[in-house]
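So that you can tell them apart, the chains are marked A, B, C and D in the order they are listed, and the count of residues begins at 1 in each.
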Amino acid sequence: MPTDPVIEVAGVTKTFAGVRALDDVDFTLHRGEIHALVGENGAGKSTLIKVLTGIHTPDGGRIRRNGRISTIYQEVNLVPLMSVAANLFLGREPRNRIGLIDRARRDAEAAELLKSYGITADVSSPLGTLAVGEQQMVALARAVEADADVVIMDEPTSSLEPREVETLLEVVHKLHEAGIAIIYVSHRMDELYRICDTVTVLRDGKNVHSGPLKELPRIELVSLMLGRSVNEIQKHGTTAFGEDHHADTRPVLEARNLTSRPRINGVDVTIRPGEVVGLAGLLGSGRTETAKAIIGALPLDDGTVLVAGTPVPRNVKAATRAGISMLAEDRKTEGIIPNLSVRENIVLAALPRLSRFGVISRKKQDRIVDTFVKRLRIKVSSPEQKVAELSGGNQQKVLLARWLCTEPRILLLDEPTRGIDVGAKAEVQALIDELAREGLAVMLISSELDELLDGADRLVVLRDGAVAGELEGAQLTREHVLAAIAAEVMDDADSH
Amino acid sequence: MTLTATRTRWLQDNGVYVAVGALLLFNALFTANFMTLGNFTTQLVQAAPVLIVALGMALVIGTEGVDLSVGAVMALAAAIIPLYLGAGPVPAILMALVAGLAAGAFNGFLVARVGIQPIVATLALLVGGRGLALVIANGQLVPLHDPAFLALGTDDVLGIPISVLIAGLLALTIAGLTNRTTFGRQLVAVGGNRRAATLTGLPVNRVLVGVYAICGVLAAIAGVLATSRLAASDPADMGLLMELSAITAVVVGGTPLTGGKVRVLGTVMGVVLMQLVRATLIKHNLPDSIAQMIQAAIIVAAVYVARERR
Amino acid sequence: TSRESPQTAASGGPAASAAQQQSAGPGCTRSRTGYPQVDVKGATVGFSQSEKEANPFRTAETQSIRDEASKKGVNLLVTNAQSDLNKQISDIKSLLDRGAKLLIVAPLNSDGLQPAFDAAKAKQVPVITIDRKVTSQPCTDYLTFIGSDFVEQGKRAAQQMIKATGGSGKVAILLGSSGNNVTVDRTKGFKDGIANSGLQVVAEQTAEFDRSKGQAVMEQLIQSNPGITAVYAENDEMGLGAVTALKAAGKTPGKDVKIVSVDGTRSAVQLVADGSYTAVIESNPRFGPLAFETLEKFARGDEIPQSIVISDDEYDTSNAAQKLGNAY
Amino acid sequence: MTTLTAATRTKVLQRQGAAVALAVMVVVSWLTFPRFGSLDNLRDLALQGSFLAVIALGMTFVIITGGIDLSVGSLYALGGVLAAWGSQHGFLTALLLPLVVCGGIGLINGLLIARTNMAPFIVTLASLLFARGLLLAITDEGANTYQVVPDSAFVELGRGTVAGFGYPIFIAAALCVLGGAILNRTGFGQNVFATGGAEQSAILMGVPVARTKVLVYTMSGTLAGLAGALTAAYLQSGVTVIGVGTELDAIAVVVIGGTLLTGGMGTVLGTVIGVGLIKVIQNVINQIGTLDSNYQSVVSGVFLLIVVVLQRILRR
């Protein structure tokens, strides 16, 4: 099938303050192919894409583009304050006779278009009011509608639900049939093998392999990415979770009747020490809200949170002091402090503990930072590096470290492995396991069903901001969860 | 990393020191009677109140805010001094500082609790504060005669004028506060990403109110020192346009207006640079028109060098 | 606006008791203007002040108008333009709107009040401008101007300076705010006045009519020009700032360095009396009696001169102690 | 990805917040002060507001891109001086000279901000100084005030009236309508919102962010120059002492009108309402008449505070 190349890259090098993100990379994309771009966190995938699209100028090398490129970037890159329709059509709005933007037509076309992506939100409301996954779909629709010869997708499914992933893959398929070339970046192996023709593996900024994907066994692909031998990797399964944990008897966290209309409505969750409770549900089912409600970041209409039987005042500071920690879903706006160094980001929440009379001990800081950089294998040139310069996955580890060094009793993890490569993902999962074993109460929110099924001891399924069911033990199967979640899909079908 | 990149980075971090050095060199060569102890003392004494205000401003800017009311707070402090000077300098100064604290805390309350954007929140006090000062003082300039109070502005310790000493000590304190304390690091985190800081459980509101309160107190201290030096309480003119001088000095010193970073030594150097620029322009007797245009050019040049690269 | 420009201690004439010099030129009568007769007693009179009453000159000026108004049984409306020219225009229009039949205006600036004068003209309301002369037409745009001649003030400051220094030495000028015509006139008068003497201007820098800026600028100048023997300050406030700076630099103001300024505030005149200041050219703000007297004359149909320029008093070491009571 | 809570409702309330405040102010003033509603007073209110509205229109665009323009006060004064000087050479010179020069300074502001990543606050602060210096330089340190040639067409531009309402009112109104249309109905307007809403995203979405910024500051400078020219025509002279602190007035009215200082959201209508509010407050202070001048700024400050706090509360 490969015909003439639409993108040709030869010997491209790109260096950021001290980090060689791309090192003499060759890369060719042919017309009509779906090309997987894989590699560990920080391997240089996003950087390569930004070089391709002209956002970054390479330090050296040659790039030949042979057509229009349209891109969905890793972090949703839309304008939250503008309306959904405005975002969708920014730069190519329908005009009326005298050349002014025809807003009515724009909104109508936007609503029409989004319906084919399964989104029924009000297109005239600000984009920021949509759930993250919906925003991702809007970005997808925008990129696909741009009439491009090449569509680049940088981890498009990382915030999508199974149902939406299907929609997305259908779209990819249609694009493929229309002869459009696609670069597809993902850490999810299943997807890659389902849709991609060819693969390029980056490691430490170098292209270590390019070739057809189907002929490459999964295990070998992983070994190429990690630079470790196949044997070494074979020890692990799909996830790195071990056996079920043996939880204590008395719950350490009891959340009762959490209500913040209209997003959540009377959610009850209890977690015992040493237990991992998963929250399952569709996009917008209120999982993030539940976590935020527990940590006190969401104004509540009703509800109480008890830690070890004592009510916690409704603010983040009090919750943190009571031992609750939350790893936020959106690390860019709710997690990292971009200007600060890795060290300062890690110790931030633990500062009061590391200081006397408000004066911080640098030695204690360095010790803690050192420990966590090693334990979580955070890839940094030095702890003084700015956290904004790290790859997404490494930023996520920094945030995990921030919470772990406060020595919490309850850890709320909202999509902790989103955008993390296979290696790091296994590490994080193993870590969650280990933490639970050490007696921590963990709440795990994940859009990956496998992760929930393997990782959680018990699953709370949310639907429309209310608990739709709890699954435990033998009920923890794909079918049961889907059935619990799917009720909504049925309802939807009925009402149509 | 290439050599030019290293050099650019170095210049970006140290541009303000280079500029101060260059200006000193220029003056040493071309300005009569510049290299005298008396002259340096004069420059430092004149810079001291600006520096004190700029230190507070640097903290506020570090939280991604700005305080336009500092000049008005200086005027308030000035207006309060004569009311209590009868009871002695200490109560008078304390009352002035309390006023600064109250004004700052009020700003902080508006920003942190009510959620008003800093420029607008402090604009209200910029507009109303000086009026209030004039109301308190009945619109009058009051000459002051209390020798102990006036000594603040005229005396020195081991040859260092008291106001310069105070400014220096405050600079050290603020440097320690930002770099070495929990409060300082929380402040920078709040400025770097307020939502993340909130979700991390930092006492965001307390930090914000604290920062504006500190800024208010520092402005009041500057008002007290300037009043003592002038030997008169002059609420109509005290600290006029001080907010712009202070912001300029802070930014020229390399603290970005986008928050998340505070450079205390840079701020000191920014103040010194702007003071030297003013002194140079006056000493060379340039007309006001040229002087203003040169100041504009120097501000742009200094900030250009220190700007954050994309 | 939210920020007032620094005080311009713009000035006026001498004490109301001082002798008047009536300027030449055709006078203005009511019949020439065709305006109706308005009895001052019981009339509604508007006064538009230009700046906050936050300096002695403005305070005394407004007070003088108020005092005289109540003496004459006048219903006085007062506005304050807060140093905003556009606001002064609306102030004057609103005074007219609120029924003022006679207007006294202390203009913020010599230029730019034309729209306000036109509005008054349309309503046949006579306008007396005080303390600052405007560039519009007397008798048509406004009735007359009462105040002093700033150029003359500068000249007289120069004479005092020549007298005190013996006509030689190095002078520094502390200028008022840039762009202000009081600054321009007082500078011109002073420079003209010293033109044929041995006085040499070595520095002229703005200190914006402000005491602390006067102090700061003087500190700089005395460092770079230690040979300065005289300072001309365009208002008392800057002069007072210079005194503090000179003392700190180890000079004796009034002796080593002569200081002359314009205004006649109590603090400055007191220093002259004490001997640490050379001379003050007065600018008296008490326009009330003269302004209402002029309005009465106009009502009677008398001829009003184009401008009523008042001979300024002056304070030097010989008379400051006796005349201290005249200072404001 | 920023999530908003009920942002739609917010937007409407925000706009209404200022409008409601204005309506209340007007009704109360009308009832309290019989002179407030007089035609003369309303005409003057509108005229005084029109100059500020022209400046604030440019500021609205700048603030929506997430920037700020402190130079407008100085450019306003400079524009007036240039127009008065230019009026010796005919109508077109008088009108175009200030637009070109002030627009040029705005262009430089824009280029410095867009191309060098310097903070708008500091760049425009420098041009505030620069423009003031330039003004002093061309007026011989303020000694020269240029007069507008009397009875010229240019004077008519500032002094002419329709039904007693001055031309500047109609010019300002037309510009605001045009500005509103540009903001909401053109690609440039969308770029302005995108630039201020999320600059990095806008760049990735292919919005010409740099060009948008340059245009916006050029526009702001040009409009400030135009306001200066209109003022000069109205005052019949190029007054040097105007415009001090006008930038803060302009910022205040834009923010009162509900435009977010952080960018990404705002309306021209809101700005017009903000201008109305400020001018009505000023007018009311005059109507009260007996207020000590020192109290006047206290009252203005308190009013400003009440309006922004109310708006903030309404927004919740």
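Note that in this section contacts are C-beta pairs under 8 Å (C-beta built on N, C-alpha and C of every residue); 3 or more make two chains touch, one makes a residue touch a chain.
Protein names from UniProt, one per chain: A = Sugar ABC transporter ATP-binding protein; B = ABC transporter permease; D = Monosaccharide ABC transporter membrane protein (CUT2 family).
None of these values were measured; they are calculated from a predicted model.
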Return the chain whose centre of C-alpha atoms lies at maximal distance from the corresponding centre of chain A. C
What's the distance between the Cα centroids of chain A and chain D, rounded to whole Å? 44
I'd like the Å distance between the centres of chain B (ABC transporter permease) and chain C, where a centre is the mean of that chain's Cα atoms. 35
Taking the mean of the CA coordinates per chain, how far is chain B (ABC transporter permease) from chain D in Å? 29
Measure off the straight-line distance from the CA centroid of chain A to the CA centroid of chain C, and report it in whole Å. 72
Sites on chain C at which at least two other chains make contact: 2-4, 52-54, 178
Where chain B (ABC transporter permease) touches two or more other chains simultaneously, the residues are 123, 126-127, 130, 134, 139, 288-289
Hey, what residues on chain D touch two or more of the other chains? 135-136, 141, 248, 252, 260, 292-294, 296-297, 300
One finds touching chains in the pairs A-B, A-D, B-C, B-D, C-D
Please name which positions on chain B (ABC transporter permease) make contact with chain D in the complex. 66, 68, 110, 114-117, 119-121, 123-132, 134-135, 139, 244, 247-248, 251-252, 256-258, 287-293, 295-297, 299-300, 303-304, 307-310
Complex contact set, residues of chain D against chain C: 35, 38, 40-41, 44-45, 48, 51, 135-136, 139, 141-143, 145, 147, 159, 231, 234-242, 244-246, 248-249, 252, 282-283, 286-287, 289-290, 292-294, 296-297, 300
Considering the complex alone, what residue numbers of chain A touch chain D? 55, 71, 73, 75-82, 86, 90-91, 93, 99-101, 103, 122, 124-126, 128-129, 132, 135, 142, 330, 332-333
Help me check something: in the complex, which residues belonging to chain B (ABC transporter permease) touch chain A? 1, 5, 9, 180-183, 185-186, 188-189, 191-193, 195-203, 259-261
Residue ranges of chain D touching chain A (in the complex, touch as defined): 1-8, 11, 181, 184-187, 189-190, 193-194, 197-198, 200-207, 260, 264-265
